[in-house]
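Scrolling down, you'll hit the structures one after another.
One chain, chain A, appears in both complexes that follow, with chain B as partner in the first and chain C in the second.
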Partner chain A sequence: MTKALNHQRQTRSAWIMLSPALILMMVILILPIMIAFGLSFTNYGLGVKSVDFVGLENYERIFTRSTFKKMFTATVLYVIIVVPFSVGLGLGAALLIQSVQRGREFYKTIYFLPVMASLLAMAIVWEFMLHPTIGVLNETLQGGCDSTVIHGLLTGSWYGADPLTSWYGDKCANGFPLWLGDRDYALWTICFIGIWQSFGFNMVLYLAGLTSVPKDLYHAAEMDGASSAWERFRLITWPMLGPTTVFVVTITVIRSFQVFDTVEAIFPDSGGPGKTAYVMMFAIYEKGIKQNLLGTGAAITVIFLMFVIAVTLIQRWFIDRKTHYA
Partner chain B sequence: MINAFSLSSTIKHGVLILGALIVLVPFYMMVSYSFKSPGEIERNTGGFFGSQELMVDERCVKLQDPNKDEVIALRSRFPGLGDDGVRKAFMAEVERDCSMIPVVFNYSKAFSQAPLLRYLINGVIVTVSIFLIQIIVALPAAFALSKLRFLGRETVFNIVILGLLIPVHAIALPLYIMLAKVGLVNTYAALIVPWTISVFGIFLMRQFFMTVPDDLIDAARMDGMSEYAIVWRVMLPTAIPALLAFAIFSVVAHWNDYFWPRIVITGDRSLFTPPLGLREFKGDADGSFYGPMMATATIIVTPLIVAFLIAQKRFIEGITLTGMK
Partner chain C sequence: MGSICLENIFKSFGETSVLHNVSLEINDGEFTALVGPSGCGKSTLLRLLAGLEDLDKGTVSIDGRDVSGVRASDRNLSMVFQSYALYPHLTVRENIAVPLRMRQLSPSQRLPLIGSMITPAATKKEIADQIYTAADMLDIGRLLDRKPGQLSGGQRQRVALGRALVRNPAAFLLDEPLSNLDAKLRVQTRAEIAQLHRQLKATFVYVTHDQIEAMTMADRIAVMMDGEILQYDTPENVYNRPASIHVAEFIGSPKINIFPARLINPDQSAKLQIGVRPECLKQKNGEYRLKAVISHLENLGPEIQVQFILPGIDTLFHTRVDPKSSNRLIMGSTTELGFDEVDCHLFDERGYSLSPHKTREFLKTLKQSTLENA
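And now, the complex of A and B:
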């Protein structure tokens, strides 16, 4: 076979082999984005006869109405609460696990369990545990109030403080929060479930990152006088984990933006007490699917995509900057 | 090494164990609730297994409460009693039939109250179909991008990289509109189609194929194999480890996915995936059904957890594949 013929044959096979993937990408990934963009300027609804071009009305509504203000607040708060905790706990767990001699596999397995479990199922279990009257959490907390040791320790009354000034003492006297039913606690509780579910994933990524830190760097640092564990972490581990951290933060941010299961399972009608957990994916679902306001839903989708793309571009920029002087 | 058993190591283990307990509590409670009677769940008594005392299924009793005609029909079975007596005697029998220990009650209700078995089968159908189609689409594409020389390869690869940026959940709404327009909402196709293209799968397999030596492919060409035959008979066998990791990644994601099924399956129970089934259960549940609901949750969560415990290393590898991006 001549070289030219071979080349021709390869080109033809390549395009045949790529065509299903390319067609599907166009139809499933690119076309929907264009549709969302187009519809976001209309008042389209499924089954609705007349479709009008409404200009920027949908966007204007999203940026002015209080419902959507709540949506942005809930989403942004969720992300900025979950990301540092989830990443921090993931790193903390990885460092601790790496520093112990025994039981590494054991801890790793347990911390990874929530990543495997259906978040919807676990959200329902958490909701039940957090039930204000029959849930185990409040019952356990209440039980601690009657024990002088626990009460004394947690309220500080042992050190002569007034128990009522502490959170625990106050709640012992006046009743524990409703958690998911209380607008001051609902979003935090949802965040807690998100952190509980996701930090094991970050832990595994950090453990992988840690194995690639060369051991002799630590010896070298010790020679140079970096003797404390903190110094070694600050001078070697943390900088060496840079790329891992950039990646872990990005993926946690993108996933946190997409939170839906917990909110829908626990607050199916409202998005939380006072809409405090009215996150973007839930808003898209509620406006677009439940209320058939596809124009509005499409506009939220466009804004959402911009968030996600911005985050990824920031990640790329970080990585590029790192590789330049590496 | 004496230091290994020092105070600091004890503290580290203390912290790790505390963390492990917090991670495990919901799993413990879920399984425990699935064993207990409604009374025990509400009062938080009975330890992990509950006391497993016989309990009467109120709904089962109520369903069989005889009306007047049925009482008349029953007269022959309980001779010599008045109508009230017949009813009482019959109900005593029913109550005996309707009593069972809580664990049996919860798990049998999980399957009888809703077609849970159907949901599980749907879950298997959907996850397996998605994975197979992803492979059928992605492998040839990955092969072309890694082993074939042609004009435009770089461009196509850049498009793939760009595609990695788009989370499918984020574009769920326009996808839903498209499916509705072609009449596919409430079908298996709706559950499967949006996931048939895994840009990540293409990217991953391409990276893997890059490491396969060209000689292997040239030899196959010499033998007169077509390019497609090379993909399936030469490349596929070498890619088994990567494929397995990708399988785990894909199956876990789609078995647990709740958002997408929630959007495209509206009401038709026979198409529900496991998470939708559980969610429906929650919607109907009154207080006495927490036990069966937790049994359902346990059944849905268990397959992946067990598989994970058996093949931990592979699972962690598969799930963290995204770390390769």
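And now, the complex of A and C:
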């Protein structure tokens, strides 16, 4: 009797103590998502008097209109390109830094600089460098055209190829691309900036992962006959970095889905020439904030959340199944 | 098929000299223990032999071939690490297979997926058979599909041994393989490793700080201290004929008693030190007698370890007595302990052992003169 009462009292105080955390979690995390989910079925806009329930209309539009098709294309391409390069370069830089005897701190700082710098400011610098006429890049490329050695090497005319069939030869003759202003190059350029900006962060994560690989394993591998660097990498480094890699890939995927500031800084009005760089976050911003179509913005947000949740679930599955050794 | 020769090895890490002029010769099939206190350079010596460290000076040869500049993977040695260094992402079977795959398969056969397809079935079977033989020898057959994280310390140790002995190396190097095991398992595994050595008849080099492991397993013991080998001999000789006080004190538990003494006779006067093993001290018996004050008693069951002091000397001495003996010892009481001439180890002032000839000569005069507490 008293035991049951005691138990009841304990349960009650447990709930009381839990409540602040639960309430905060509801208000800050769950509720906004629920509201966004609710709004995505309406035509709500800030200050609009009448709000109508429009059902799946917002979603239907997202999946049928060509603008949104471009949005998905740009976002997915961006993620597919940035993630492997950013992760690969991060790992490569980490391995190289680990292998040097001197100047580790120097290289770490250099590679980490783009991460620390504001992407917004850096985007402007890139915009300047990539400027079609006064930019450093095109000027350098143009300079190469006049040098017979560089021109010969890059176009292949040295070994008898027609210079016009190569990319460099063609551009030397017909002018270099506008980069950010060019439909064919805009998204790739944005991707390049994204990789440049994010791989330093992955490098730091990989460096941390590398410190936890026991030295003895490398010695054991050496004794077992794994003499090449590639064998050691395959036998030890790569598997031991498994948990780090899962984390790095997840973080990079999510951050790539969230790319916004580069696009906003470089293409504030349009989302790129022909909307080729019209990424999801930019679409949410444009629809939801600029055009006050909160319903549409909320619908894109919900789809975005789905992506992120899917990525996170895959990560959890990997960590539970594949890379947990302890 | 596995003789090892280390000649005039020098090694330092930065400013600290770790090994100075170490030479060691290990015969084929011999079980050699490198023993010494921590920091004496024994592990470094093993790693130099393995090729995991570069030597500053000297030569390492295996089977008469100079391998000083040869990298570890090409020296054909196997090693068991103190941490076991098992690959955590591989199963026990895969762990044991690594040295075989690395040496019996071509690089393309080791590729994931494709490699397995282009490897001839005969080679695969050969590798599988070798794994089973090793697993049987160590009784780990039922663990083959587990990962190291699912094994106990003792099982991991066996897997590490299995990975070392699955192929046929010139020698096995073991770096304190028992130090992570509990006391009971250590005693058991000690016997098993000695048994493995008898079975394989291969060269073993075993690094340990535990003199009992060295004494019980090795054919020859190299006692190391401060980067030098003080004595390299059979366990019996290291125990019964220590080359110096340091060796005498390191080998044997409880520690050997060192009595300071002075020789007084008409021709010569010399300070020397007499070492007597605790078990050689007898109560109220022996050719030479000492008055001892008992300061502490430890009853271990089969024996009682006695700590005693001698008047005027600031050192604790040890002896052991049979609990069944008629003379009961009482803490704080004074008793008479004695030892015989044959049990004496004589060391000169600097701690070096006197030659047998000199010892005999000195003991002769000792009988005539007095044994003094210096």
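The criterion applied here is as follows: the second predicted complex is superposed on the first by the 297 of 326 C-alpha atoms of A that agree within 3 Å, B and C clash if a C-alpha of one lies under 4 Å from a C-alpha of the other, contacts with A are read in each partner's own complex, and residues count from 1 in each chain.
The criterion applied here is as follows: a contact is a pair of C-beta atoms (placed from the backbone, for glycine too) under 8 Å apart; a residue touches a chain by one contact, two chains touch by 3 or more.
Treat the numbers as computed from the prediction; the structure is a model and nothing was measured.
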Fit-or-clash call for chain B and chain C when the two complexes are aligned on chain A: fit
Contacts of A:96 with chain B and chain C, given as first, second, both or neither: first
Chain B versus chain C as contact partner of A:205, first or second or both or neither: first
Chain C, chain A and chain B - angle at the middle CA centre, rounded to the nearest 10 degrees: 100
First, second, both or neither for A:117, with chain B first and chain C second: first
Contacts of A:224 with chain B and chain C, given as first, second, both or neither: second
First (chain B), second (chain C), both or neither touched by A:246: neither
Partner chain(s) touched by A:62 [first = chain B, second = chain C, both, neither]: neither
Which of chain B and chain C A:236 touches, first, second, both or neither: second
Residues of chain A touched, compared between chain B and chain C (which is higher): B
Gap in Å between nearest CA atoms once chain C and chain B share a frame through chain A: 9
Contact set on chain B toward chain A in their complex: 4, 9, 12-13, 15-16, 19-20, 22-27, 29-30, 33, 41-44, 136-138, 140-141, 143-145, 148-151, 153, 156, 159-160, 163, 165-178, 180, 193-194, 196-197, 199, 202, 227-228, 231, 252, 255-256, 258-259, 262-263, 274-275, 278-279, 282-283, 290, 293-294, 297, 300-301, 304-305, 308-309, 312, 315-316, 319-320, 322-323, 325
Touching residues on chain A, where the partner in the complex is chain C: 214, 216-217, 219-227, 231, 235-236, 239-240, 242, 323, 325-326
Complex interface listing, chain C residues touching chain A: 47, 50-52, 71-74, 77-79, 81, 83, 85-90, 98-99, 102-103, 110, 147-149, 163
Chain B-facing residues of chain A, complex: 7, 9-11, 13-15, 17-18, 20-22, 24-25, 28-29, 31-33, 35-36, 39, 46, 89, 93, 96-97, 99-101, 103, 105, 107-122, 124-126, 128-129, 134, 136, 139, 196, 200-201, 204-205, 208, 247, 251, 254, 258, 260-261, 264-265, 268, 281, 284-285, 288-289, 294, 297-298, 301, 304-305, 308-309, 312
